[in-house]
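Notes follow once the structure below has been shown.
Chain naming follows the written order as A, B, C and D, and within any one chain the residues start at number 1.
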């Protein structure tokens, strides 16, 4: 833990009406590290991703990126500075082709970003490059989100529920791919329901419940933790 | 390649359509036909078949058409320039109350139909766009009711106001009457359009000259339709006379609200009952205009010394016979426009537009129609046909009559 | 003057709240902005005028007739149009444009059917004697119109909160997907609400000559804009919101007439702009999406 | 993206260049062929307005019902330039343009709204402008309800030429935008603003740029139009039907293309005059029906028939 964290999130609070979606969550991630974010539905995982990517403005706490507070940065500035993401419900530009989707982001490509072709190859979408994005299935559209993010060249990649709907073969492949991104010293925060998939990716997991982190460590240890099992089993 | 062919096709298609539309509208750039072998006089005009001005424009147009049919019954009008009677043909387009549409239709009348005489649509808004078009094309615009202050300029000989004078002159008699009655507490409510606001300005300045300052004077948007609060505010000023300058819709709503409020004043004046009494009696019963003061216009009043065209009672009878409709002022205004055109054609030495305009100046002040004395100033604005003040009485049987309170000029 | 303006504004505003109610329901349930709303109000006005002048039918009776007639018309209109729109790529924008087209059609038919002249009803139908309140007298027609409007708003409230269709309608306003997923009859409810919304517009139309003096074919779009402003001021899908919006509108107009009369036309537009920019969810509300 | 945009522009260069040239030729020659110059002038004006609406609606999905507000304020800017500042016609045009841009900047918060909220709020904004311009309190600036008269600067030929130039420039602008990354960014924003942000596109700035461009086009059209009318009332240049025609023309032809609004204006304005000049009592009815049928059966406009077959539509 000697290295400077790439991103640190401190005591973030986000409320909707009276409901505290995030209630003082704190975490940090270093370059080249994969952080798994798990927890039951409504525990605030996606909300946290939305805060980090700039879709939501937090009601309290700080988000530091490379040591600087990015509270006032609009989303596109975060994207251009290397924070990018995929969406739980994929959001490609449906009327554009797969390639055009990726090209849009590549226009703002940073140093070290994948080329359009590399991003398409990496996500396995190259054969569909000229199809309209709306003709892809949901899993492919999620991969397109990923390809688009890669084309701009992220240093911090937020991956929201990429595994849903994939077969074991594909899961394995995706896990390898994401690890290879971390090997290029990209930091990843992966929100995932599929615990097996998380296990393949990383040893460092944060379990969230009711807008707070309740456990940090490996998944194996998490399974033995009383609080975590209480949350998961509802006891 | 395929896609290229398609795009070329679209471009070609649109080009063809553009050409087609333009061609379809007619392809005549030839000059106006020579005057010698003229078989009829074409009068070009616009009317508003729908929209804000339809209520006023349609009856005015009906009056003009009635004049043409009357003239044609006797073989047309005498045209001095041709030294014979020539039938009248009206070319009319519907501008749907849109000034933008009116612009291109006036242009159509002048440059495609080559009409001999150009007549404007009702009201200032639809007339305004014709003023520069007529001047540019050197056509005299027979302006029936467009009294915008900016229309009449010393350098523009191509406009003649045929009917009532500029609305700024209307309240002359009203101001005299108020002053004569020693009403010191006058309330004025007017709509903020040029027609009503110019009346308000004239009235206020005339009253001020007599040492009277209105106790209440407010402008409201022309779209105003609820008057309860305004009437309550007026009542707080405790006026003797309440003057409301509006358009017909405003006057109707105002009078309804006044009746419902139960307030009583020595005098309540509105503009349009005098021109369109039936509009008021049909919407809110004859009692709605009982004891209301107004500018009574023909056919409510009749000018005694008509020396050109039908007088009021002849017109009412003939119009009823021809159209089955009873007469309102706008019918008469349209008919009156026809009479002025007729006199112009009888007087002008040639059919050139300037000659027509000179003819109008020549007979100005000499003829009196059922609309009153026709007299224009050097800019073409009407100075005759002034409006008196009158008061309605409705008897129990619902019969409406009007008493003149200031003399007919 | 202040007192009178406020009381008159309340009477006026209650009617306008009622006038906007149908737009509110349809927008809330179907995400369809009925730009022809004002034209249905005008049609209701014509119905009242013609029923009165041809058959001496009291407007209170016409109210019922207007609701039934326009409910049926709207119900019939629903099926060829709305489902097709809901399936399209951009239902909200396309419906806006489509209903604008419908508004043009109705306006044209009004001109053909009823002419261009403004039509109105004698206010005396509603009683000639003014109503005295706090030392001031108010038009009886306004008082009765406001009372009828309140009754109808109350009835709509009961319909929404105490009937099965009303319950389904509120569920759909909350979330169309959730409502469909939990087996509520979304299509059927939408069709009924569409009918009710337009029926209410026509009812408001029957009353409109008493409040706005007269109706003519071109009155519609202005009423639609005012109604939209009221819906936005109040908040979507809430009948009480419409009442609140109507009151804000009514009282503002009357105060403006009293103190800055020549600017009174600005009221609905300014209120709308202020609300959408400052508190787009409306005074009572939640949930308006921003871009 | 950039490179691909350039290839687009290059590969269709012929067709793209042909359109403005064709417009230039057609409207330069039309007055020689057809005597009613007002019709030709107005057709151009509506074509430009339709392109202005197209920039906003076709490329970003914002439907400006109140587009006429820019038109009206442009006409009044022209009027004020001539009457108050005593500028020559062409210089006064710039006042009209400036007014429209300033108003667009003031109204830019409206872009925070979406869908129907934006559409109706823009309508409200244009009504506010109308009421301000027409208010008697501003008589010394705008001549209030009495309307503007610019007859001393009336010059139909110059204003005609100015409109031709504006039409050609606007068309070029739309074609360039459509075929460059900027246009693709607009389409992306239209599809999904959040994803557009994540693709690095500055959504707010990009939208505002288009909004101002669109306002500028509307303002200039209004200024030239007002000059050509030379006598007008507030209700003439703030007439809502001007917005409506421009929107319908765009919809009919098809938004998001350069040719759609041109096609729409040529066909429908031509129809408008053909029917309008003969017998227009059913005109509004036909228009209303056309709108309804378009939305139900051809929401992408006429050009979508070709786009469906995969053709490049300029």
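Rule of thumb we're sticking to: a residue touches a chain if its C-beta (ideal position, glycine included) is under 8 Å from a C-beta of that chain, and two chains touch if they have at least 3 such contacts.
Just so it is clear, the model here is predicted, and its values are computed rather than measured.
Centrality by C-alpha centroid: the chain sitting nearest the overall protein C-alpha mean is D. Top contact pair of chains, counted by C-beta pairs, is B-D.
When chain centres are defined as mean Cα coordinates, B lies farthest from subunit A. Rounded to whole angstrom units, the spacing between the C-alpha centres of subunit A and subunit C is 47. Taking the mean of the C-alpha atoms as each chain's centre, subunit C and subunit D sit 32 Å apart. Centres computed as Cα averages put subunit A at a distance of 43 Å from subunit D.
Separation between the centroids of subunit A and subunit B, computed from CA atoms only, is 72 Å. Listed for subunit D are residues 131, 135-136, 281, 283-284, each touching two or more other chains.
Residues of subunit C in contact with two or more other chains: 108, 111, 262, 265.
Which chains touch which is summed up as A-D, B-C, B-D, C-D.
Put simply, subunit B touches subunit C in their complex at residues 49-52, 54-55, 58, 192, 218-221, 223-230, 232-233, 236, 248-249, 252-253, 256-257, 259-262, 279, 283-285, 288. Contact residues on subunit A toward subunit D in their complex (touch as defined above): 53-55, 74-77, 79-80, 84-85, 87, 91-96, 100, 103-108, 145, 148-149, 152.
The residues of subunit D lying in touch with subunit C in their complex are 61, 63, 109-121, 123-125, 127-128, 131-132, 135-137, 193, 240, 244, 247, 251, 281-285, 287-292, 294-296, 299.
Touching subunit B in their complex are the following residues of subunit D: 12, 14-15, 18-19, 22, 26, 30, 32-43, 131, 134-136, 144-147, 149, 151, 154, 156, 229-233, 235-236, 239, 241-242, 259, 262-263, 266-267, 269-270, 273-274, 276-277, 279-281, 283-284, 303, 306, 309-314. Residues of subunit C touching subunit D in their complex: 27, 33, 81, 84-85, 88-90, 92-98, 100-109, 111-112, 221, 225, 228-229, 232, 262-263, 265-266, 268-270, 272-273, 276-277, 280, 288-291.
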